[in-house]
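In what follows, subunit A forms one complex with subunit B and a second complex with subunit C.
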Partner chain A sequence: MSGRPGWVTRRLVYGLPGWMTAMAYLFLLAPIVILVAFSFNEARSTVVFTGFTLDWYREVFADRNIARALRVSLIVAAASAGLATLIGALAAVAITRRRFPGRTLLATGLAAPLVLPEIVLGVGLLVFMSFSGIRLGYGSMIVGHVLVTIPFATLIIRAAAASLDPRIEDAAADLGADEWQTFTRVTLPQLAPAIFAAFLLSATLSFDNLVMSTFTSGVGTTTLPLRIYSMLKLGITPEINALGALMVVANIGIVLIVMGRYLPLMLNKPRPVEPERKN
Partner chain B sequence: MRRSTRDAAVTSVMLAPAVLILVVFVVMPLCVVAAYSFAQRDAYGGVVPGFTLENYSQLFSGLYWQVFVNSFQLAAWTTILCLLIGYPVAYFIAFRAGRWGPALLVLMLVPFWINFLIRISAWVVLLGRNGLINGGLTAAGLTEAPVGLLGTLGATLVGMVYAFLPLCVFPIYAALQPLDRRLIEAGADLGAGPAETFLRVTLPLSLPGVLAAALFVFVPSMGVFAIPVLLGGGKDIILGNLIVQLFLEFRNIPLGAAVSVAMLGFAALGVVLYMRALSRIEAMR
Partner chain C sequence: MTVEGLGAQHCAPMAPKSGAAAATPAVELLAVTKRFGNMVAVDGIDLAVREGEFFTLLGASGCGKTTTLRLIAGFELPTGGHIRIGGQDVSEEPAYRRPVHTVFQSYALFPHLTVSENVAFPLRIRRLAAEERRRRVLAALDLVQMSGLQDRRPAQLSGGQQQRVALARALVNEPKVLLLDEPLGALDLKLRKEMQTELKHMQKRLGITFVFVTHDQEEALAMSDRIALMHEGRIVQVDDPTGLYNAPVNRYAAAFIGETNLLSATIDGGDDATLRVRWLGHHVVLNRPAGAAPSGQAVTLAIRPEQIVRAPSPEEERAGGLAVDGVLTESVFIGTDLRLIYRVETGETLICRVQNRAAATPEPGERARLLLPRGALRCLTS
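So, the complex of A and B:
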């Protein structure tokens, strides 16, 4: 760089991150706002707002295929999130609390679906099911969704289990509680918030999943995202805007429930005292 | 002794489901896929066991090779754009946003929580012939008639950046946030200008986060299939589209398996490169 940049240039460079951030948030959030706004538009057009209507919402609620797909999605999300949370919680507690051969291997294995391309996992299940002659349907889809969500469930619960103070459990043991009592009355209640968060996150991820569902769904198990995908391939209609707006509201609602509970806790948590750095 | 056997039994019960699901539904299926990639197909879309390298040699022939090139280019551009936009955003949230930081982070999560297809459909609406962007261009007098924005590589790229940007901001933020502000001040105290301080102190220290962000964006973006179809009009297909077509439309399972193995190879390569770069950065400190 030659010489000292002028005041204007410096000002511009200093302001750059701020401007970029504003533009990035506009880029990320504006399409969603526009989508919701146009779901109330009377005309089919997506440029001119001609008048307010709830017709598209009526159409969504009257659409049998959407209702069926929603039911499939809810069943798969509840079942796979329940399984992923249960399996993940058991493994997470064992990994943080118990010593056994292959501990790191298992921990890595459970996080592996994060790095393995989901599409390859989906292909694997599809091929495996046809190889072993199992029909595609709820079973294959739930297994697939467990694979996709279990890394998140395990990581959340592991983080919580690792931050527990083992002295509390020792105290319970000293006071005469047996292992099972210690687990159910001391460890589990402390982990409950993390288990709840893991379940909700898994359910949301499953509900939104497209890739795994593409390969594992069978006849009659079309999920909502699969349904939306085929509707979008046929062409965009205001009905999709309305459905999208409903999903936006539902998703934000869930997030607010979770955040409302945990965000204040996270923000008010006293920061750990940093050890003095030696230079 | 009795206590330790009981302990071991409890541990195995706790681990059994996780191990079972990983072995039966991840390891075994991937082995089957790998085996199928060396097999041949019969006329009805079935698989004839055997050993041939034909599927892999097909991957290097014209059409399929083009898909690899497309995927690589699209993934590279997506990663570059995400980093160029994501870094300043992460920097702003970490250093300048002050008490607005947490709120900005939560806002960054919002698109993450909204169905991916719904977000893409918003772009279909915006970029469409009757869409808002075309309306704006015409109203501004920049174009006379609506421009075909959908069905272009540009539209695909916009959708990809839109989908992956939040994934890119978080690792960079996580690397910037805990940086010792005193190091940055020290740079300034030693006479470095803001640009020099950034290039010689802040940027090198945040490189692990940048690498993680690149890994999170580059590898998954090759496996996406919905965005090139919905926004790109299915013209420039990438690995994700190829896998979907070969398995679900053309029923050429052996060739599809070979593409999947290649995809897995890319993912592994990405992780290895990431680890190496990370250890090199750490060695430099």
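So, the complex of A and C:
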């Protein structure tokens, strides 16, 4: 009966990781659940739930300013993610496959925006733009977003490129493929899932970005987060809740697409090749 | 100019070319050196692989055999020397312009392509028509007995099957020379033996020159027409399997291939053609090897365990050789053979190998007279 730790103690100790996980999820997800719930609230108040309505969604879709901001956000996200992924992919292949002077510098430089405060990058870019007389607008914002997203794009593709077996490229060359054919027919297809993931992550990061957009947006290029932020100055309205709920759904959709593309690949991963026997 | 003249002109360059092709080595290495930083991987080797030959680069790991193969394939460029393939100097050519294909130890199949797409890859690069491509892919898969698995991905195949696909992919283009980098290294013993026979037959049937890399001496002896034994980036000996086994040129070659008794002996006279060698106070007269000093030089006598005669007849002893008395210290049963370890006069050991005949299994402690026949002894100076 005695000598062993008590039932309660054991339950607490062994249950602790589970409880902590549950609490973490609660704190993470509860605000989102509340936001979605109140987007269907009839009353203008964000404290008391009075009844179900879809009016706020109707209002979001009717709001011309929101529609314009969404369009700006999508254009900037697509353009900056495309650029970041392109540069990231080429840089990743160069860094993992080639030996050239400044290779480490390039690798560090591309990852640097990760550790630099975004606000400093934003101010710096703004100063640079006004110094060189560049008008703020799509161009400046896309450059800013590429700066913010390129570390992520590069890191994802670099990890994939580093895990490729260099002998597979040797094999392509051996079978008569020149460097361009080897790249397009062998290297690129193997990197495709990582490039796709890098693009989606960059696009999502760009779509959510507030700080960089604040410094680089010009007249007529207000993004959705900027729009929401300015709406908030007039108080939290159920319209913002509805907009937030729509963005959550869109983001979950993207995550599902990524997983749908990645999961089969992960489950069907080729077995690791034998350790190479180097003479 | 007559029509016949034109015809002769057309034919003329062809005739000497085909005549010369027989003499031109399929692959030729001239003083090829490869350095990686301070490390010399390949140290000025000369090599000529004949056309249609099964040629093996054999050696322990780190001897430079794989680097040599990679130099021929073009994955590495030599630091010095020249490489010729079919008479053409390809020393500076990139891998994709060399008329050789490689079978990799890790197979290196393209993971994103199916079996038939893998095999079709070199044909696609050469922009062959779809019809021709399909025909040749099927023929190649048929050759390696892999028809029926065309639509699988490499990840869905066993090691042996991946091996066969890699072989089909390397053969589909009908290369003049096929390079194989320890292709059987990852297979289990039984499958490896089967593939050895199959590869050998395939090579003879297709008449393609094979350059095969292995660290497995049995594999090398079983498959090769000729073997180059490598050590520390250099070639120790190039010979056919029997030559390499029966007539090793130095201690390293003698010890690397099979089992050998290496006996420290001294030169004790002789003339231009012969050599008197002393071992444990016994003398034997052997043919003089190149580089042997007249007298007093320490040499090594090498003899294979199966060539030592136990309890020789008087006639056998009269034929010449070294005869000593030994005490059996250990007898090891290894299936078809018995491995007998004798201690002789000064404590040196002699390993002796006899066929296993159920009737006579000698017991440790047994004394025996051992004859090292003159013809089986090799005098090694290095």
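To be clear about the criterion, the second predicted complex is superposed on the first by the 244 of 279 C-alpha atoms of A that agree within 3 Å, B and C clash if a C-alpha of one lies under 4 Å from a C-alpha of the other, contacts with A are read in each partner's own complex, and residues count from 1 in each chain.
Methods note: a residue touches a chain if its C-beta (ideal position, glycine included) is under 8 Å from a C-beta of that chain, and two chains touch if they have at least 3 such contacts.
Keep in mind that what you see is a predicted model, and the values were worked out from it rather than measured.
Applying the stated contact rule after C-alpha superposition, one finds that A:37 touches neither subunit B nor subunit C.
When subunit B and subunit C are set side by side, the one touching more residues of subunit A is B.
Residue contacts after overlaying the shared chain place A:116 against subunit B, while subunit C stays out of touching range. In the overlay built on the shared chain, the residue A:146 is in contact with subunit B alone; subunit C does not reach it.
When the two complexes are overlaid on their common chain A, residue A:174 makes contact with subunit C while staying clear of subunit B. In the overlay built on the shared chain, the residue A:162 is in contact with neither subunit B nor subunit C.
Of the two partner chains placed around the shared chain by superposition, subunit B is the only one that A:98 touches, whereas subunit C remains out of contact.
Judged by the touch definition given at the top, the superposed model places A:54 against neither subunit B nor subunit C. Note: residues 277 of subunit A belong to the subunit B contact set and to the subunit C contact set alike, using the contact criterion stated above.
Residues of subunit A that touch subunit B in their complex: 1, 4, 10, 13-14, 16-18, 20-21, 23-25, 27-29, 31-32, 34-35, 38, 45-48, 86-88, 90-91, 93-94, 98, 100, 106, 109-110, 112-113, 115-121, 123-128, 131, 143, 146-147, 150, 154, 179, 204, 207-208, 210-211, 214-215, 225, 228-229, 232-233, 236, 240-241, 243-244, 247-248, 251-252, 254-255, 259, 263, 267, 277. Contact residues on subunit B toward subunit A in their complex (touch as defined above): 7-8, 10-11, 14-15, 17-19, 21-22, 25-26, 28-30, 32-33, 36, 85-86, 88-89, 91-93, 95-97, 102, 104, 106-111, 113-126, 128, 130-132, 134-135, 162, 165-166, 180, 193-195, 219-220, 222-223, 225-226, 229-230, 240, 243-244, 247-248, 253, 256-257, 260, 263-264, 267, 271.
Those residues of subunit A that touch subunit C in the shared complex are 165, 167-168, 170-178, 181-182, 185-186, 189-190, 192, 268-271, 273-274, 276-279. Those residues of subunit C lying in contact with subunit A across their complex are 41, 59, 61-67, 73-75, 94-96, 100-102, 104-112, 121-122, 124-126, 153-155, 169-170, 173, 182, 185-186, 213.
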